[in-house]
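Order of writing sets the chain letters: A, B and C. Residues in each chain are counted from 1.
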Amino acid sequence: MTNPILETRNLTKIYGQNVIFKDINLKVNEGETIVIIGPSGTGKSTLLRCINLLTSHNGGQVFLDNQEITAKGHDEDKVRQQIGMVFQNFLLFNHLTALDNVMIGLTKVKKMPKEKAKEKALEELNRVGLADRADHYPGQLSGGQQQRVAIARALAMDPRVMLFDEPTSALDPELIGEVLGVMAKLAKDRMTMLVVTHEMGFAREVADRIVFMEKGSIVEEGSPDESFYHPKHDRTREFLWKITELYGKKEKEKGAVE
Amino acid sequence: MIAFYEFFVRFLPDMLKGAGITVLLTAEGLSAGFILGLLASLARVYGNKFVRGLAVGYIELFRGTPLLMQLFIIYYGLPGLGITFSREWCAFLALGLNSGAYQAEYLRGSLLAIGDGQMMAGRSIGMSRAKTIWYVILPQALRLAIPAWSNEPVSLLKSTAVVFLIAVPELMAKAKSIAAQTYDPIGTYLAVALVYLAMVYLLDAFLRWVERVSRIPGFEMEGRKA
Amino acid sequence: MLSNFFSYIIQGTAITIGVTLVALPFGLLLGLLMALVHTYGGKIANRLAAIYSLLLRGVPPIVLLFILYFILSGKVVNLTPFWAGSLSLGIVSSAYQMEILRGALLAVGGGQMTAARAIGMSRLQAIQTIVLPQALRLAIPPWSNEASIVLKDSSLVYALGVPEILRRAQQLSATTQQPFLAYGIAALIYFVLVFATNRALDYLSERTKLPTHP
């Protein structure tokens, strides 16, 4: 087995009296796409933010390329340059065009010369199919387009791993497909990805491994086939049954993600 | 009517000189106030407890007392502690400090309106806190603040009129000396009121223009998420 | 010594409060009238009210104070500096209060008027019993701001020789040769007055809030 790019050991987050998640052990190998599923409020989003050091954790460790990034004195900003993050509500920089949104990390953080940064940014926009919208402000783009720009912004930093925090749950149904399409393409190109989503079709088609989280801990993990057709735990089965009943119809209409 | 015309011919140069100082005081006070207000608002929103306390103290103190009071403390009070400034400096300090406190509140409002999401997005691509504030939050907050902030230049222009009470030779001071020469205080102050009115009108028109050209498509106070 | 200082300036405080208590209600009355004229008056009345507001809000309060003071303490009307100053401040404030009330009247909206007319009320009755009670409540928060502005602007009557806080501080500073202390105490008193005013009006706003208003 290859070396894990990202690994958490006993990662724990407590907020006041509430245990958000406890003793999370997770390994993400190079080129793998891991999808985390589970009911709302089980700490999936917070887990991603803790991995990216956007939220402080209360115990355990996170390793990136076998280096402990949660160690004291580690440069957080350096870490985040290597971990891309895509948010539920896009969070594009509202005062910048699509191109500038992708460029700003290159010019201000990586200190890349403007011309080179522009070239690279256009490349990334092209990768998400939005090169023709480079001059548009976020306010002039649809939700799906905004999210694709956000993906390009994260990709531009050449991250070792990409985190997706429910990237499609703020989108109108007809716009979900274009974002999932971009993500599927990334997975095919062997980008290392950790995805929190409720899109079961995507999970089944694209994920190498599925992690089921509930009430702050990992209940089970396995290949999509194992998870979907032979879940080991009742709770997993129950959740999948509920979610397919809820989303099944919608997905049938939309068709599976190619 | 003829009297009015003669009045203007005789005293217009003097009034324009005073108006020039009024404009200068406004520009100086606004600029100093902007820098102070920016620092104070950033300190109040992003500072630690101590820095935040300082900012709150400054803002509340200067918004909670009259400008004239502040002017007198600087002009008459500080010499009691051995600190002396010229009249012009006193006027500049009082106007700048006073305006800074008000501008801080306008800017704070828009900093808060930008929300945590933009900070998180900036940090997520590896920007430091300071860089995110500078490149991501401030450019948005400053644009967002323009409509509310654009009251301040006009308000400050009107406020400058009190500095004649420490004998700074701006428009109102000229008015007082003209009134003493003409024995017609009502007519004189009416004429000066007209000059102020014209300045306020021009300034207002200019600010509306700025507001229009600094708009970003689809980026307004309302209709924005997180 | 410090308590002597305080008690001397406190006498000016009474006058500062007096000026505010004359100017603010007078400005409210005048402002309310102009706001009603602007909102419900005919075309000409509406235009006149708008000009009134523009002229008064486009000129520094101290300039207006001087003009009005010389009119109100002239040959035709001859008021004391206290009354001339207070009423002048009230007129200045009326333009700002008018804008606050106008905004509130607009916020209540025409639907309430229509509904009141539909149950047979006259225009005047509808304004009095339906629209105003709502508009005045909505106006309290911005009006509180104006109240503290009038309190602070009352310092301008210093220039007319009215012995309010600043004038007292000046006299005290001259007799004691302690300018910083004298003006410092004056500033402290102002700060407390403004703070107390804001708090009191916040409380009023809380108390008068309609349960359905968000």
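Just so it is clear, a contact is a pair of C-beta atoms (placed from the backbone, for glycine too) under 8 Å apart; a residue touches a chain by one contact, two chains touch by 3 or more.
Because the structure is predicted, anything quoted here is derived from the model rather than measured.
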| item | value |
| --- | --- |
| Least step count from chain A to chain C, where 1 means the two chains touch | 2 |
| Farthest-lying chain, centroid of Cα atoms versus that of chain A | C |
| Chain whose Cα centroid lies nearest the overall Cα centroid | B |
| Approximate Å spacing (C-alpha centroids) for the pair chain A, chain C | 57 |
| Where chain B and chain C are represented by their mean Cα positions, the distance between them in whole Å | 22 |
| Intercentroid distance (Cα basis), chain B paired with chain A, Å | 46 |
| In the complex, chain B residues that touch chain A | 117-118, 120-128, 131, 135-136, 139-140, 143, 216-219, 224-226 |
| For the chain C and chain B complex, residues of the former touching the latter | 55, 58-64, 66-67, 70-71, 74, 152-156, 158-159, 166, 169-170, 173, 177-184, 186-187, 190-191, 194-195 |
| Of all residues in chain B, those that touch chain C in their complex | 61, 64-70, 72-73, 76-81, 157-162, 165, 172, 175, 185-186, 189-190, 192-193, 196-197, 200-201 |
| In the complex with chain B, residue positions of chain A that touch it | 52, 54, 76-82, 84-85, 87, 89, 91-95, 104-105, 108-109, 137-140, 153-154, 157 |
